[in-house]
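In the two complexes below, chain A is the common chain; its partner is chain B in one and chain C in the other.
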Partner chain A sequence: MKPASLSFSASAILGMVAMPALMLACLAAARAVPAIAAFPAGWVIPVPAAINTVLGWLVPALQPVTGLASKVFGTLLDALIVTLQFLPWPAVVLAVALVGFKAGGARLAALVLAAGAYIVLAGFWRQSMVTLSLVLLSVPLSALLGFLLGLGAFFLPRLRRGLELVFDFMQTFPAFAYLLPLLLLFGFGPIAGLVATAIYAIPPMARCTLSGLVEVPRERIEVAEMSGCSTWQRLVWVELPSARPMLALGLNQTTMAALSMVITASIVGGVDDIGWAVLSGLRQADLGKSLLAGLVIVLVSVVIDRITAGLFRPRSAVGSGKNRPRWQPILLAAAAVISLGLAARLAAPDLLQGWNETRGIVDLGMLNKALLGFVARYSDLLDAIKNAVLFYLVLPLRVGLAGAVLPMTWGFSMTPAVTAVYAALALLLALRQMAKGRPSGAAAILCLAALLHTGFVAFPWPAALALAVWAAWRAAGPRLALFTGLSLAFVLITGLWIPFVKSLYLVIVAVALCALLGGFFGVLAARSDRFSALLRPINDALQTMPQFVFLIPALMFFKVGEFAGLIAIALYAVVPAIRYTETGLRNVPPSLLETARQLGCTPVQSTLLVQVPTARPALLLGLNQVVMAAITMLPIAATVGTSELGQQIYIALGKADAGLGITAGLVFCLLAINLDRILRGVAGRLHSAQ
Partner chain B sequence: MLEARSILLAAAAGFASLVLGPAAGTAAPLGDAEAPIRIALNEWTGQNITAHVAGQLLEKLGYKVQYVTAGSFPQWIGMQDGSIDMTPELWTNNLGDIYPKMLEAKQVEPVGDLGLNARDGWAYTDATLAICPGLPDWKALLEPSCAAGLATAETLPNGRLVDYPADWGTASANEIEDFKLPLTAVPAGSEGALVAELQAAAAADKPLLMRFWAPHWLLTQVKLNWLDMPPCDPNDGARCILPSPVIKVVRAGFGEKWPAAYAFMKQYQLGAEDQQQMMLEIDQNKKEIGAVVGAWVEANSARWSPWIDEAKK
Partner chain C sequence: MTSLSLPPGERRIKLACRDLWKIYGVPPREAAQIARTGDRAALQRERYGRKPLAAVAGASFDIHEAEIFVLMGLSGSGKSTLLRCLTRLIEPSGGSVTLDGENLLAADRRRMTELRRKAMGMVFQNFGLLPHLTVLDNVAFPLRVQGIDRPTREARARDMTGLVGLRGREDQFPAQLSGGQQQRVGIARSLAAEPEIWFLDEPFSALDPLIRRQMQDEFIRLQKMLRKTIVFVTHDVQEAFRLADRIAIMRDGAVVQIGTPAEIALVPANDYIAEFLRDVPLLRVIRAADVMRPATDGKPALPQFSTEDVLEDILPVLLGGAAAVGICDAAGTLVGEIAAADISGLFGTQRAMPA
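Moving on to the complex of A and B:
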């Protein structure tokens, strides 16, 4: 780091004053010029209509190809479903348990048996087999395409940047936004959902393939070159084997992505799968029913995760390598079990069909009663929590301190005197940054103070544009600044500025909540192994549970509106906050902690003063993941009545306006990608500073 | 001359039947009874009952049926590309834009009202009476104390009206504007959100004003009172909340492929009381839908045998 200089040079003062002055000028101008206060409606370009025109031309042109693909995959899917549903469940569960035994020993086999038992007892066997068929069809397809894309990016480094941007779009584009064109292209039914799943599940495999190949040690490649390998031989004999762990990770991540998207995509219908059960439960606000179905997905995810992780573990990493059973007997036994099941099914068709169609015995109906009982008892407390967050966190961001500070809630109002105190405080903080030799830090504080005073919605768009471009420049340089500027210009000309800004502040509030809560739990988990072990399954369940399930308790507790959406977002996005905090803090060298202890730090002091600053890059990376998770949840939170971009997507779906849906989806991606790049830029700078 | 006239009449009748499709009263053969009739199953129990009753009666007529789960929006793509043949319970108050477009392009054909005598309007929980004693008269909402009691942090100083999701239309907001009510309509986002809101308010005995409809399975569990709506212009659907007609819709060409089924579907009716009674069995008593509908069909042959007879004629 540069030594702190106390010099108030002219350039430093200019650096501090220029941006805030621009903000204030914009705010003053906004009072006089309406075109600065709000983007003039006359400047909006009808982007959705243009997209609809393109689609109107594109869809019929593509339909022969997509229709054929839809037929082929539809037939394959039907065959898979019929087969899996035809086999009696004991045969399927046993065969998977055998593979589990191969992958992870008796413990994993027991887990498979328990998961199978739960699915049958919950009465979801048939639906699970449909979902499993969808996964079995989409994962190899996505993994293959992802592998090829990753390979392409490896051989054509020039395309890498572009491809990575495409992957970002694929992962952040809300599925609901492109559902309509997919339905038009592939017809009604599960295939449209399957394509949506593939779009979402391809990038992890592609990214892992690329990074695995890029990170092959230099020496190995040199050895290959010296022994005269051709490019192709080098790939097959050296690079791919070296990248094996990354490829396995990619396959695992692709499977997880497919499992989560399969649920969202079932909103189309066409097959009676687990996702449909979750959605019906949501429609009835029936937590018991949704949770019952959601747990099936959690269990299937856990089983698939452990099996793939176990099968691809490098042999050297397994201590008891000799004890691992070999493939041959396992496969033979599995085949025997399946044929036995088949024979039994043919011998006693009615009995075994009855087995597969068992109605559920597990009933979580009492969960609904408990939930309502809780609401009845604690509704005043819940209201108080909600009002506190709304009055002191959400409203100030939305309408600014100028609008949110009222005598009724804050005990005073923003009289000129209070405003002056507020301005003086901001100035004081800024001067403190100046004293540390950070003029841009001072400028940032002044700009944020202006933003907080006006609120996100009323903040003049030229000021917001300038602020965002400046932040991107400071974080990652001119390239990102240009990208950010173009992104915001796109948002402005599509006329989606207000929904965009509302999404932005909702994400910011959710991320702030997650950082606070997740950070707290993460610190606890880093300090106690027992607490960490307790949190892990909860984290797993929160991440693999269909996101819709979170909406029901959020709604019951906090009613329709932004706050319920906020809670639903936070429940999903808090997981990376916990995980990254824990890992980051645990990776702080013990010697540092020992020194801190010797210097007489209390545990709290050593956490706050030593661990957290040292782990800052990891924490920022975690923050980045929290932002991405929060943005993924936004369109789902729109079903509890938030009024932002997600809502636009549903309105587009209801109006059958594909252009509007895609435009809103694009704005969504731009929001996610810009935030991601800015945060990564900041993390990179911190990393190099250390 | 007389002969020529009768020939003309016969030709006209033949032409009419060609144009109008097989009307009730003419002989209606089964048609392609081997191909299953695919019935859409949407996301709510009431619709599933309507679909299963229709399905079981069509089976009695000699057809094969198949139930296809379909989102209430994506089902129209299914009706377009032929994966779904009919949707037996369509609420016309939240249609979106795709159905009118398909109707105009003659890709679908409505086959009459289901007879569900649906209700749509603003409703309130019992606890609301304590703060707005003038209810059910809509003028009670004009009282400042009423609006203040319904207000939340998001709607202050106005009272809060929980409205249908924004993509179902915004007639509530328009009525609030037209009658200068001190209310703010908060779109709920989804049906589940409306249900959760009402369940939570009933459990906590809190005031709540919301737009809702009947028949709905929740109304067998939770008491809801209907408000006497302000007198609006019934010709203006965008600014006036009216009971939504619930209709049956089939795919274009349904009548040619399955004439008897088409004649039956025109006759088919299902009342709110029947639906609600079956809903209770399925959602509360956790019985299987096929069995519940089967029992209803057994017990109500007097209701449906005329439709079958008519279709067979």
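Moving on to the complex of A and C:
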């Protein structure tokens, strides 16, 4: 135990006071100097215009190539769509069910049949086939490119760092932001969406390929070397087979990413696919239609996920090799079914045409009425939830306690006396950190207290900059601090500071909601096997669903607005919070829990004092996943009316201002990458400390 | 040309290394500099916040034809690194390695590949089997790499699988085998290309004690049949003394003593090695030839033993009251004798060793 006097040495006190003092100085200066309160408009550099100029030069230069590609893929896509729509649906469903049987046995085959039946009955067969065509075309393309990129990164270790960053950008860059230049390049229509899909779906395959190859056990490499393998022999006979599980995972993830992006890209329009059905339903306030179509997406994604995950499971594992059916009969049977369907279609065109055109048997009017009735009936409750979150979470972050604490909602206002109590509380907490010998912890508490009091939007930019750089430095060292500083500088000079800050607090609110709910469910799931088993399929479904689907319930219950966006984000991002909490807690060694029980801990004590602290690195990684998910969802949530970066991107799309879209997209990526690096840095430090 | 009839120490030298170094934590050029000068002070200087680490520090020894040469040391003593320097799986920082007089460190990649294909076989601690291949394909793997056609290599692989006692399991996958069986596959694979020199890196360390013992017996049986030149790495003292013709004991990257098991057991070079020997059953390690005195003529009535017999066999006779036993060489000629005092003297010096 450190003596208390040591904790209060001069340097420690300086460490505690320096940052908060800087914050307070900025806050004070902001009243006098407008340039500190808000970034001066005169300092803004017209980055979007510059990007537009570059694009204006680049697009015509590339158009011959991209136009040709667009033609080729357009023809392929049309052929695929026509074929799939021409085939009678029983044949297609049966063929897919056969593949499902190969991948996951009778259960998966049954799931395919059920999903097929639902799609037909709900009346979305044609649209589903369009979506399936898009996926079928984009996945091989993305997987091949991703594989080659991963391979390249494996053979050229010097490029790895750079490529990782590129992948980060590809995955976090909002598709809406580059859709516009893609439309210019590839023309209006599905091909631009297809390219966007490829951009988004390549990184998972590339990452998995790389990590699969890098993680081949050293001994196997030595076996290859001692057997005298050439580089090529080693790759094909040893490394790739060893990386097979990771490659399979990559293929699965790439497929899911492609599906998700195909749906999102439907916002461009031009194809009558299932995503368009959802979107038009949302736009026409035809919620029943969106709900039905959304369910189609969920089913399709679950089926595709199970099939791709099942097909490539390693066969050498004990037992599973025997009872798995072979490929040949499955393929033969599937081919037979398809040919039969084709023949039937040619023999009786009208009848089967009718089948495929089946309109849904569900009465949309009834469904809509029921939904609206439900919402109207519980509107009080829904409003109460909405207001609670708005008044106690969103507003304080946006305008600070100084602005948000009003007698109407909080029952008091921030009089000087209350402010003094608030400051005293913050100081007390900070002193407690000091006593534990953590001056920077104390400084962090004081800074956060100042931030919370002022609110995100009104917080002076120099103070925010200093705070972010300091946090990055503490988390991962000078390199990240420099990166963070440059990133924020970029945000400032592009003039997107306010939308950026709004995005940031929206992310923080969403993450806070997820952490609370996800943490709660995760703890429950870790303590009860039954609850865990109940939760697992729900989590699976939530995680395989394309982001777009989450808008439907949010809109249904909370109408257009920031809160609906928040709910959509939270729904999408809550799963990692649950998952990481559960696995983190469950991975705490049983011996440790036994010790705790032996020492006389109650179950709650054991959870709070033993499990949670031990699982901290895992929890932080989960938090990181939540943050990333929230950020990815942000631009999509913008379509239902949030007012931040995502909205900027959406506006840019509407105004056909590609430069603005790309600039906002860049800011987005920088937000995501910085938060990711900082959180991972903290997790890494915790991990090495244990 | 063959020198196989000679005792191991006098046979032709197969593999030799001189002043071999492997230094981590500094750029290769500086490592080579330190290796050339043997500048131990340079190893103490911190570079980039950490000290350089000499995993192998100036190792020199000769390995003779058909000899079992054991590298023994605790984990972290550099024995596995040394083994990998001999095969150039790890590039040494300095020194020389010669195989049949050829400088391995000067061989280009193509020559090295050829040598590994034809002349070297290796067994790994965690077996290193390829999980996607069957037992037969794993064993045939080195032959496949050489481009040998399927029927030939499968026939050869079948022979090897039979040799290690896995007949009938050719079509199983590694995951379906026990640890001992997996290592048998590893052994069969390492022998498939009929290497001249056989590297074994802690081959039995991952196995249960009982299985380990069986595998050691199996190894002895194979070596009697095959007569390979063997470099065997282990951290297990008993294993080392049981299998070795000669042992090199390593500590902190350096070879601290080389000798036959009996030489080391009788005259440990320092306290560190003496400490090791506490676990060695000396009676089973020391042979008659190691401790006998020249025979005094004309006492043919003594109970007689061979020079290769270990003390464990002789001791009961001496304890039974015989004043001395006679020792004969392979031809049956009396070459020496051992009295009870010779043996008790031996243990006196052993136990007097300060701890």
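Note that in this section the second predicted complex is superposed on the first by the 648 of 690 C-alpha atoms of A that agree within 3 Å, B and C clash if a C-alpha of one lies under 4 Å from a C-alpha of the other, contacts with A are read in each partner's own complex, and residues count from 1 in each chain.
Operating definition for what follows: a residue touches a chain if its C-beta (ideal position, glycine included) is under 8 Å from a C-beta of that chain, and two chains touch if they have at least 3 such contacts.
Quantities reported herein were computed from a predicted structural model and do not represent experimental measurements.
Applying the stated contact rule after C-alpha superposition, one finds that A:183 touches chain B and leaves chain C untouched.
In the superposed model, A:227 lies in contact with chain C only, and not with chain B.
When the two complexes are overlaid on their common chain A, residue A:272 makes contact with chain B while staying clear of chain C.
In the superposition on chain A, A:650 makes contact with chain B only, not with chain C. Legend: residue contacts after superposition of the two complexes on their common chain; A:642 is shown touching chain B, with no touch to chain C.
Of the two partners chain B and chain C, it is B that touches the larger number of chain A residues. Judged by the touch definition given at the top, the superposed model places A:63 against neither chain B nor chain C.
Interface residues of chain A facing chain B in the complex, by the touch rule stated above, are 179, 183-184, 187-189, 192, 267-272, 276, 279-280, 282-285, 359, 363, 365, 372-373, 375-376, 379, 386-387, 390-391, 395, 551-552, 555-557, 559-562, 564, 638-643, 647, 650-651, 653-657. Remark: chain B residues 41, 43-45, 68-71, 73-78, 80-81, 83-84, 94, 96-98, 101, 152-154, 162, 165-168, 186-197, 199-200, 203-206, 217, 283, 286, 288 touch chain A in the complex. Touching chain C in their complex are the following residues of chain A: 217, 219-220, 222-223, 225-230, 233, 237-238, 241-242, 244, 314, 316-318, 321.
Of all residues in chain C, those touching chain A in their complex are 84, 87, 89, 113-114, 116-118, 120-122, 124-128, 130-133, 141-142, 144-146, 173-176, 189-190, 193, 199.
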